[in-house]
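Structures incoming, each one as structure tokens.
Two complexes are shown next, each including chain A; its partner changes from chain B in the first to chain C in the second.
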Partner chain A sequence: MFFEQLLQQVINGLMLGSIYISVAVAFTLTIGILNFLNFTIPALYMLAGMVGWSLSHYGLPFGISGPLNWAVALLIGIVCAILGSLLVERFTYRYFKMKHGDATEHAIPLVSSLGFLLIFEYLILIAHGSDTRGFSTPFSNTDLRLFGFIISIPQFLSLIFSILIVAGLSVLLNRTKLGRALRAIAENPEVATLMGIEVNKIVPIVFVMTGFLCGVSASIFAINYHEVSPYMGDHVGTKAIAAMVIGGLGSVWGAIAGGLIVGLSETLSIYFFGASSAQITVWGLLLILLVFKPTGLFGHNAIGKGKF
Partner chain B sequence: MTGYMSGVLAILGINIIFAYSIYITAATGQLNLGGAGFQAIGAYASAILSNEMGFPIGLTLIFASIFGGLISFLIAFPILRTKGVYMVLATFAIAEIVAGVILNSDYLGGPTGIVVNDYIETELILIVAVTVVLFGFYLMSTRIGLAMRAVHDDDAVANLMGVNTRAIQIGAFTLGGAIAGLSGGLYALYFGFVEAQYFNANISIFVLLFVLIGGTQTAWGPLIGASFFTLIPEALRIGDDWRFFIFGIIIVGMMIVRPEGIVTRDALDRVWFKILGKTNV
Partner chain C sequence: MLKVEDLEVRYGPIHALKRVSMTVGKSEIVTVVGANGAGKSSLLKAIVGAVKSSSGKIIFEEKVVNGLTAPDRVKSGLILVPEGRQIFVSMTVEENLLIGAYSQHSSQQRQAIESIFDRFKNLADRRYQLASVLSGGEQQMLAIGRAMVARPKLLMLDEPSLGLSPILVRQLFELIEELNSEGISILIVEQNTKLALKTAQRGYVLELGSVRQQGLASELAGDKGLANAYLGDSV
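And now, the complex of A and B:
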């Protein structure tokens, strides 16, 4: 009996981890390629979820039509996250790159992205207040019972989906011309420019991916847990940061491992020690790991060590 | 002095002290994103000392800072093994762990918090704040301050030139923790109540923003940054949500106009040149 319950918790943990994976990959991509810790990511995640909710609840602005289908609304939410991400690119990353050369030597883009975090979060708070909103989808009670274990189908699909997206990303980075350009920029932006890579056209692609990953992850969250709130990004964002650090900065597969480890340790710690212990377990694990392996599990030696 | 004014001044004083604690570590090139954790340590230490042990106020504050400093000294060794973003996130982890430990501890009141019996007036906070600011200026004018600047600009070269980089970094981290503990102690005694939920990630982020936007190059930075961001929202007496929205826009705009912070060494030199007709250096 005990082992069955434990195994159920392990399954729940892996499912929870699948939510963190996409966001952790978004973090790890921007830091790995651009050496930029993008704090807007939790806000983009929240933006996608809240825009999706708002459209499926109120419909398009100016009363063009009635409330939209949940899937269409979430798609528009993802597009909004991508547009928001491009806005951040324009006013933090590109601007400082033009003005200060390798801007990431300073903490400037980091601080600026914190500014954008506040702007997006409080814009949504002004528009919709701070209440948690129910998000209704056709999938309400779709648990699959397999050998006595409860597996929620949307959660299972989302785990598969996250891993597929990340696998696709990994292929993109390692096999395509675009991927090679991105890795060249990660190595050295100046030399990449000399080699004929149009850095200014390639960098926005990273931000489009960031927005897309956040949007997809938020949609998965909304479908699974049937709720969105202006604060949904904070919780997932901090856990995704932990996942990224555990996996190692800049490593896409590390983000998957990290996401699953964080999800697992969170559910197991709640199961054994109660709800408020998860914080200590997850961050304690991270701290202990960093003491013994200061670059995370699969981190590259050169990434994220630059001074501020 | 009206009650409202004295309230604002008390918060201003606490924020300035807190900003200097983060500034002293930032001046050696380490960003501390766990300020709230160290502040919480000081606040809870002084709540316990004053309630359970019956310490007088002065002694409580001294022990709150010693306790904050001691814990940061112990944490500094593992933390300084990490660099750059890893270190920023490791300090963040520490703040989360401190909040988690408090929430899970019955002795520390758990999620309900502790009521503090003693209380202090605004005047004491302002006196301590002025002392901390003067100490910050003095520290940056000494050889140690110069060594801190050297470590901030390039730790490898500073090491080659005979600066004990590790000692400077650990010392700055410890001192930062002690001052954060002091600000926490003042917070606990002034508001008479501490709860873990107050010392959250937003507090850590805001205090780091005070310092980075004020400027890490000179000791003026945290003073200007903390005053700017405590007084501007008070002046813009509008809804809370709009306030933070405007705060965000100011941050983005500020980074465009003055990316090294409001007060930089160059700007100070220019001001001195105008006043004295010669540079200050």
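And now, the complex of A and C:
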């Protein structure tokens, strides 16, 4: 009985981890290619979820339409996350890069991305309050019983989907012209420019990907857990950063492992020690891992540039 | 082919280039020599658009290119091999060449890359290896190969002999002459002044951001005052 319950928790943990994977990949992409820890990522995730909820609950603003179909609402939510991400690119990364060059490479974009995080979050709080909102989809009861274990089909599909997205990203980075350009920018943006790569046109693509990954991940969350809230980004944000570091900065495959490990340790920790223990377990694990392997599980030796 | 008129470059309070004028003719090899910090690298970077010029004109093939971005200048055939080679060590040899051919049509990319592998057999053998495992000489070959696949009309080399053994330096300059005989104009910035002046047809001497002397390379090489100031005992 105990082992069956434990195994059920392992399954739940892996499913939860699939939520973290996409967000962890979003973090790892911006840090790997641009050397920029983009703190707005949790807000983009929340934005997609809350915009999706708002559209499926109220419909388009100004009475243009009634409540939208849940899938359409989430799609528009994803688009909003992408647009929000481009806004961050324009006014944190590009703006400071153009004005001040590399001298401000780390701190100022980081702090201004934190500013965007809070602004997005409080705009949503003003618009919709701080309550957790129910998000209903036709998938409310689609659990699959397999050998006595409960596997939620949407969760299982989202795990597969997350892994497919990462696989696609990996192919993009390693096999395509755009991917090579991104890796060249990751290693040395100045020399990439000398090769004829239009860095200012390609960097926004990273932010489009970031917004897309956050939006998809938030949609998966909304479909699986039937709820969204203005704080949903904060919960996933810290876990995704932990997942990224555990997997290794700049490693997209590491982000999968990291996401699953974080999801697993979170559910097991809650099962054994109660709800408040999750963060202690996740971050304790991370700190112990870093002592033995500072690059994370799949990170390269070089910390800084050129990690793909 | 290339005409630079009264070019000025400033980095904040530092005045790196002061009214520098120079030309490179069609199929010519021109060298710019001078001490460290004379502004040689700044000149090349300004020509390719990697640093902004504060005034002056850069004219390439009868067109003022000041307003073009660096990638657009690359498309028009102005290619720089940067100082210290700066190959992408996290990529394979072939990927480095693909990046070099970035602005070429994909149909021409393959052909351009194969011709580099024909020219440099060592690189062909290491095609799928990471560029980080290459020796210094091979890295320089790759850096030049990466520039060649971009089909340069004017190839600029910033300190190409840096860190290479004397034999490799000689081979490098033979290669430069070979490329030149294929019709590519060449602008070399060098610390190895003697060899640069031997290879080039004309030369400029930069001092503290200004052109101090210019003329036929053979005359500059024979200039006593210059020899004492810059040419030293370099090989």
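Brief remarks on what is shown
Here, the second predicted complex is superposed on the first by the 298 of 308 C-alpha atoms of A that agree within 3 Å, B and C clash if a C-alpha of one lies under 4 Å from a C-alpha of the other, contacts with A are read in each partner's own complex, and residues count from 1 in each chain.
Going forward, a contact is a pair of C-beta atoms (placed from the backbone, for glycine too) under 8 Å apart; a residue touches a chain by one contact, two chains touch by 3 or more.
Since the model is a prediction, treat every value here as computed from it, not as a measurement.
When the two structures are aligned on the shared chain, A:Thr193 is found in touch with chain C, with no touch to chain B. Once the two complexes are overlaid on the shared chain, A:Ala184 sits against chain C while remaining clear of chain B.
Residue contacts after overlaying the shared chain place A:Phe27 against neither chain B nor chain C.
For chain A, the partner with contacts to more residues, out of chain B and chain C, is B. Legend: residue contacts after superposition of the two complexes on their common chain; A:Phe221 is shown touching neither chain B nor chain C. Judged by the touch definition given at the top, the superposed model places A:Phe135 against neither chain B nor chain C.
The contact surfaces that chain B and chain C form on chain A in the two complexes overlap at residues 306-308. Touching chain A in their complex are the following residues of chain B: 29-31, 78, 81-86, 88-90, 92-94, 96-97, 99-101, 103-104, 111, 155, 201, 205, 209, 212-213, 239, 241-242, 244-245, 247-252, 255-256, 259-260. Taken in their complex, chain A has these residues touching chain C: 177, 180-181, 183-184, 186-188, 190-198, 306-308.
Only residues 31, 37, 91-92, 95-96, 99-100, 106-108, 111-112, 114-119, 121-123, 125-126, 234, 238, 241-242, 245, 249, 273-274, 276-280, 282-284, 286-287, 290-291, 294-296, 304-308 of chain A touch chain B when the two sit together in their complex. Within the complex formed with chain A, the chain C residues making contact are 48, 50, 69-71, 74-75, 79-80, 82, 86, 88-91, 95, 98-100, 102-103, 106, 146, 150.
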